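Below, chain A partners chain B and then partners chain C, in two separate complexes.
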Partner chain A sequence: MNTRAKTGTQSSVPVQGGVGQALAHDSGHLHVSGGALYTDDIPEPRNLLHVAIGTSAHPHAKLKKVDLAPVLAAPGVVAVLGAEDIPGENNFGPVLADDPIFSPGLVQYVGQSIFAVAAHSYTEARRAARLAKIDYELLEPILDPEEAVRRQSFVLPTETISRGDSRKALRKALHHLQGKLKLGGQDQFYLEGHIAMAVPREDGDMLVYSSTQHPGEIQHKVAHALGKTSKDIVVECRRMGGAFGGKESQPALFACIAALVAQQTGCAAKVRLDRDDDMIMTGKRHDFVVGYEVGFDDEGRIQGIEFEYAARCGMSADLSGAVNDRTMFHSDNAYFLENVTIVSHRCKTHTVSNTAFRGFGGPQGMYAIEYVVDEIARYLKLDPLAVRKTNFYGTDDRNVTPYEQTIEDNILHELVAQLEASGDYAERRSDIAEFNAASRFLKRGIALTPVKFGISFTATHLNQAGALLHVYTDGTVHLNHGGTEMGQGLFTKVSQVVAEELQIDIDRIKITASDTSKVPNASATAASSGSDLNGKAAQLAARTVKDRLREFAAEHFAVSADAVEFRNNRVQAGKQTVSFTELVNLAFFARVSLSSTGFYRTPKIHYDRKTFSGRPFYYYAYGAAIAEVVVDTLTGEYRVIRVDILHDCGKSLNPAIDLGQVEGGFVQGMGWLTGEELWWNDKGELKTHAPSTYKIPVCSDLPVDFRVQLLESAANREETIHRSKAVGEPPLMLALCVFHALKDAVAAAADYRASPHLDAPATPEAVLRAVDELRARGTAQPERQTG
Partner chain B sequence: MQDFSYQRPAALTAAIEAFEQAEDGRFLAGGQTLLPVMKHRLATPSDLIDLAGISDLEGISIAGSALSIGAMTTHARVASAAEVHDAIPALAKLAGCIGDPHVRNRGTLGGSIANNDPAADYPAAVAGLNATVYTDRRRIAGDDFFTGFFETALEEGELITRVEFPVAAAACYQKFDDPASGYAVVGVFVSRGSQGVRVAVTGATPCVFRMRDLEAALNRKFTPETVSGFCVPEEECNDDLHATAAYRSHLVGVMATRAVAAITDGEM
Partner chain C sequence: MATLTLTVNGKPVSAQAEANTLLVEFLRETLGLTGTHVGCDTSQCGACVVHLDGLAVKSCTMLALQAEGTEVTTIEGLAPPGSLHPMQVAFHQNHGLQCGFCTPGMVMASVALVTDNPNPSEPEVRQGLAGNLCRCTGYQNIVKSVIAGARAMER
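Up next, the complex of A and B:
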């Protein structure tokens, strides 16, 4: 464990649980003992109804006739609801109104919600849902993004970012490459599936428990669906059992349905998806097809580059606009692209509407540029790392992104150099070449890839947060903020910030459920921004109370305010010292307010969506990783032998939690690029909708030798919360090194004479296909060996 | 849950009697396939007759030059039994790589071969070792037992009691397992005994089968190189979400080569 000594300003004993301490997750003991309450664990109200959703069996069809009489007649059924039963708006889409809660007559993916049935038991509801008699008029579906581009089927207009003259630069360049890449999507595979429970309150009000990253949006969507207003709806979420972006916009459907049933029946209602339905009904990471053209010089320096992205957005816009914007923003990753054109098609397909997933489009953009850089290196027979370095953003020049943000905090040169040395990159690369020359079937590969990830919501207005803090007369604190806990440790980190600010031990601080009636209008806990935004808001709330206490103490003890110091559960006022609790008590009797809100908005950012220019990101998080793999060229199977990671969390608020995020993000990224394969048949049905067919990485898939380090003494150059950096998403993209190490090993199968074509996910079958294809290009071993 | 009656007889005769009296009875062995199938309503028997109470159906013994394994013996027991390790280590290894620990502790030999899933492991051993399947009424040669996709030679109500595996001089099972389910994408069982070489392939096609042309070639020259001239044509292989037909066809060659190489090298 990488623990870092707390750097306090005083020589005194630090407060327990202040910032920088490697504390365990605040609910760790509850997670492992079963004591943590998830939405499904909340005691069920009397007469609770269980809800099942009737869904479309076809990817694109008109509903000619929907006969729900047999559903209503089924045992235990209390109510059946369809589109016509919605008193308000039939939409849960976060941006456009194109996501109906119940299909009003057109279905656009297999699994789309058509109606809901509420019954006394879960099983009765599920059984009844299957009894609907639905006549479909089948329409022709579009099932893949390339077909969508051909047919100009888009959920949103095509966007372009360009700088310089990429055409001219391509023409003039000494070398030229072009190609087409495919990369797959990914299911979020949170352990806790989607769930919502709606409890009617008096006078038409509704309390909704939802497993959601965005309680505020649930509040709005439920209000709109019920024909109510925000003041009538309260949404609460103590924690999620994982979310990964899959619970940003998607939970609204289930919360709306639960609330509609509760409104119509007057009974509490719960919607809980089983794993198959969850995977079929809800959106995933976008899969992409990417066309590229690049021109470069003898050293591999990119002179002109063009990308054309086609993303599978599915049947509606959802968050696809912002996701694809982020793909465009991260098409540079760590590299200066002087003459560049990036075209982004947001394809409408008759498949589930794809949504947020850790990285939010960034990983796909970085996949594309990293692939291209690797292609350049293999074409020029250079070490891919050398070509990467050649193209790195400069610190003083070559430091402006295609979207016109000047990079002021570039630490990649030092970070990569440090990792290159600590990870023995050069030595291992030559060992591997030696090994490969002597090994007929097993081939090793190595790659180092960098990550530069922009931190902030690209929609500037979302970069705000609120907190609410009460100090009770016994000196304990009730803390609430707009962020949500999904296992990432946000609540622990924010508590540490408050402990540090008030100089009280962290066990005096109670973390409470996210609740729209405590902190209003909160943004989704997304974009890695949870601690940055909510930490600052909570700090400001605590500071307000602390300033009042300071002012009171100065007056009470007749010293200047400067002479009042909060330190390790005590307050010193001149020569007198009282405990924090004593001061709080004195303040209470003097009628000082002990409660405050805090509000934070990220400074410096501005951005014009029309011109794709400005400063969308407050700062960047950096990291780099080296992977070494061994591939069996007879079957395509492989093992990740060793991984070295060096990641920048700024001055970490909690090195234990940050390390966990780095490890977890990396492994999840590895799953995306290697084993996790979404497989649809030609009827538009997803056939990988359970762990029996969809393989996420498990402990045994971890690198055999896994060395993860946080970058030391790396204070954020911006004034973020205690100079820390966001850590939720960036580490996912460190896993690109695994993909490129596999590509390197495949290249070794034909003695590095040509560059392999490898698509993601690089399943063993895909790796073998790449080996075969490479050898079939007429090089040394034209026939596949079977023995 | 659907309605059915559950019985747990203590003797074979009682089990058969219960089956005959049931309207639509099914024998329950380890339940690792039957119970999920029932949950999906793909089977709705009126009676489940649990064989777990019949001690005669469980156990491992050496009978002359053969290893006899009771139909209700779990994969975990086969994988860990000293008798199996001594007599046919490849069989122990096969049992030890079926599914996951849960499946191995519940699933049984009889249940596996009666079900004859195209991706199951045991059929490869039964065909690859020329085993004999004993039932309540007769004995069936391993070669005749598996008749097609989820089909066997078993008659209605016929109950497997045990399987006798002749002890081969050498044998090896090589499997490429599906990373998610643990089923065999392709599994090849090769044995070399007094009656010659056998090569049985599971996972690749709708039903386990023997590569008789390869067996003949290996009888002439038992080397890994011999395998390279033989393959299972792509057109005959399964093509689904787990793997393409081309990949399966290729894997048969790799797994067979590995099995022969392991036997040649004395590593089983």
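Up next, the complex of A and C:
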């Protein structure tokens, strides 16, 4: 082939869609036109069967007799499956084998799967599922975590982190407070409920479409359930309609059931949960009861502190081990705790098994320490922000966490100072005091809270990722990696990384559905790590192909490899330039491989789970937020008047996407701490299982004045992908400021004489109770204990 | 089964529907218009909003047969094929979406809102969209999109 090389200067124009550009979501044009295919939108195969799941009506019972004959006899029903129909392993638990696909005889929560029915239509399957005749032998349930602690009912052993001598420090401290906090759980409420469709292939193989953050785990669990191996199963997911951690381990149940039905009937099978069933059957954020004791000096500096956590893990271990580890790791948030003991009980209750949710236990640990710091400030009659700053980690000293990681990248001092100034914290605080003095029923409150969030999976081995990249002879690129798209813009960001690396416009890159046959053994897209891990893996795959092209160009144009430069869709080799496509064509005819994998593992991290020490986190992401609220003390109703956020995304790969993550995470966190209340009755039934009774934030709940900024030019000190920082989870915890602003407003109802007892979620009812309780306490000071 | 005759996205449609078939089922399953989503099944999340004779309705709360003789517009028919309605462009350009699952309903509700009130203020948009849930965006960019879309629709 002729070379059409010509001389010329390379363009200095940046490639279209490279890193740092505020591109729209890669599927945006499909989202707005209805063309984006979610799992339920995939054209259905012939003879598709619809599956409904028969579930337990009791929280703890033995199944004495399960009569499924009426189910099988119902109109449209094709098959009924129970535990005895599983050819392989009856388990979908991600860590321990304690999550049966179908109960083998013991049920441990209301909504636990007992059997499945497949019918020609969704309605027929759902109607038939209700016809089962089940005799239960009722057993006594444990329905709350405190009861579980009393009965020593745990899914995993209790763990402890300690440093220094917290007992001694507490005894010696000038001031001393103790108390008990409660904080509620949270339903993920992804708009697309759980769904899986299994399609039988030849020779017993199975293709499973699953709305999952972890296709690799679905592959393994389906293989185990079917009595097959990983090579026989392919799992694909193009996108999810939201996930937030709720689709990390939970989708396996539905994928396994769909695959079991497909295997037994030879027909494709789909499981789609109705919203109520989804909320009843699947795990949520853990609710906690936290006991604390703290000793501190006159400035509020913490001398010694002890936490005792009791988390509702539900009926099985699921991911609760790692979730609760992260709670322990975030019990410091931004604060140096010199003498500290953290005890974490992983309580077994006869309720749904709780699971991952954005923040993964971190928010609960941060809630606890922020609550304690606020209590200290109210006790000492200091501005809570002053006490926060007094306790901040230092940059050169006071910078070692309770798990012995030295914090090398602390930017909170500058970040908080910047936000304090831009958000007029001091001025507004004094205006609010004035307003409250003059206002009888409406009370305002303000709070600034910081976020420091550790980035990496705490299980070190999960911090790896793979990618696959093909370059075609027309100069376009097929890109695949082990991450999944749940709306967070991961696919867009990873495409930007590849556009930047190959110096080609992003519209030449097609990013494709997550697929276990393209990238094997991928970790869940979780722990905020999606772009950190997959961005690097894709960059390395692109770099491999680019290096081959470079080497070829050097030889072809008889220049040194250093003289070959890729720039804005062109390649310069010495004095000659060709288009990227031309070079690819030349390379193809010279038999150069144009396809590569990429593999990345996070450096520097190590961690000994036995001693809870090491460097579990590659780096930390930081942020801070100020909330101002107004509370009607006659009704408990409130409005969030203004929120100011300053958040650290490192050097953002895509500022538009990152801003969306910060705003969305914050509002979701606000929901957790304010309006979203999970409520079980004394029969273990979740009674808030639809948006009619479970209130996620709506548009009209937005802060009236909502000011969100990314911290500018804050490059990650670690060599992450283009020095960016993970942004998925950290912003959720910015919402702690809303809770503390509400607490501040409630305190104003009794002229700040005492600290209110406010638990999360701070629903209007909870706020009203706190106001009434505080006023009933009158002017009495909290009991002063000295050491 | 009864025969249902109506206009969907400008085209006459005549098809069989059970008495208990919901409009959303009819659109998704019978007509294959899967851009309309089911989010909560109980008329609260708004992912299933379509236009019925120009009014926004939640298609999971309406029987298909009730749509007899009406003109239904779904997200697929909001703009002529190959083009986007100004509100669709606004959602795309202003990042008014993340996972995209609520987006078709949001866009349809927003077009109806702006048709009623061509120049809505930010508080009016916030109130007007309170019947549509989004779990990803925190709504800020959705509000921005609707205001931008309203301006573009005026032109």
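Some notes on this structure:
The rule we apply is simple: the second predicted complex is superposed on the first by the 768 of 787 C-alpha atoms of A that agree within 3 Å, B and C clash if a C-alpha of one lies under 4 Å from a C-alpha of the other, contacts with A are read in each partner's own complex, and residues count from 1 in each chain.
Here, a contact is a pair of C-beta atoms (placed from the backbone, for glycine too) under 8 Å apart; a residue touches a chain by one contact, two chains touch by 3 or more.
Since this is a predicted model, take the numbers as computed values, not measurements.
Ranking chain B and chain C by residues of chain A touched puts C first.
When both complexes are overlaid on chain A, the residue A:675 reaches chain B alone and has no touch with chain C.
By the touch criterion defined above, A:634 reaches chain B but does not reach chain C. Contact with both chain B and chain C is seen for A:691 once the two complexes are overlaid on the shared chain. In the superposition on chain A, contact of A:768 is made with chain B only, not with chain C. In the superposition on chain A, contact of A:227 is made with neither chain B nor chain C. In the superposition on chain A, A:204 makes contact with neither chain B nor chain C.
In the overlay built on the shared chain, the residue A:266 is in contact with neither chain B nor chain C.
Judged by the touch definition given at the top, the superposed model places A:708 against chain C, while chain B stays out of reach. Residues 691-692 of chain A lie at the contact with chain B in one complex and at the contact with chain C in the other. Looking at the complex, you find that chain B touches chain A at residues 176, 179-181, 224-225, 227-228, 231, 241-244, 247, 250-251, 253-254, 257, 261. The touching residues of chain C, when paired with chain A in their complex, are 20, 32-42, 44-45, 47, 74-76, 78-79, 84, 88-89, 91-93, 95, 97-104, 107, 125-127, 129-143. Those residues of chain A that touch chain B in the complex are listed here as 634-635, 637, 675, 679, 681, 687-688, 691-695, 765, 768-769, 784-787.
Of all residues in chain A, only 24-25, 27-38, 40-41, 43, 123, 188-193, 239-244, 274-276, 486-489, 656-657, 659-660, 663-668, 690-692, 696-700, 702, 706, 708 touch chain C in the complex they form.
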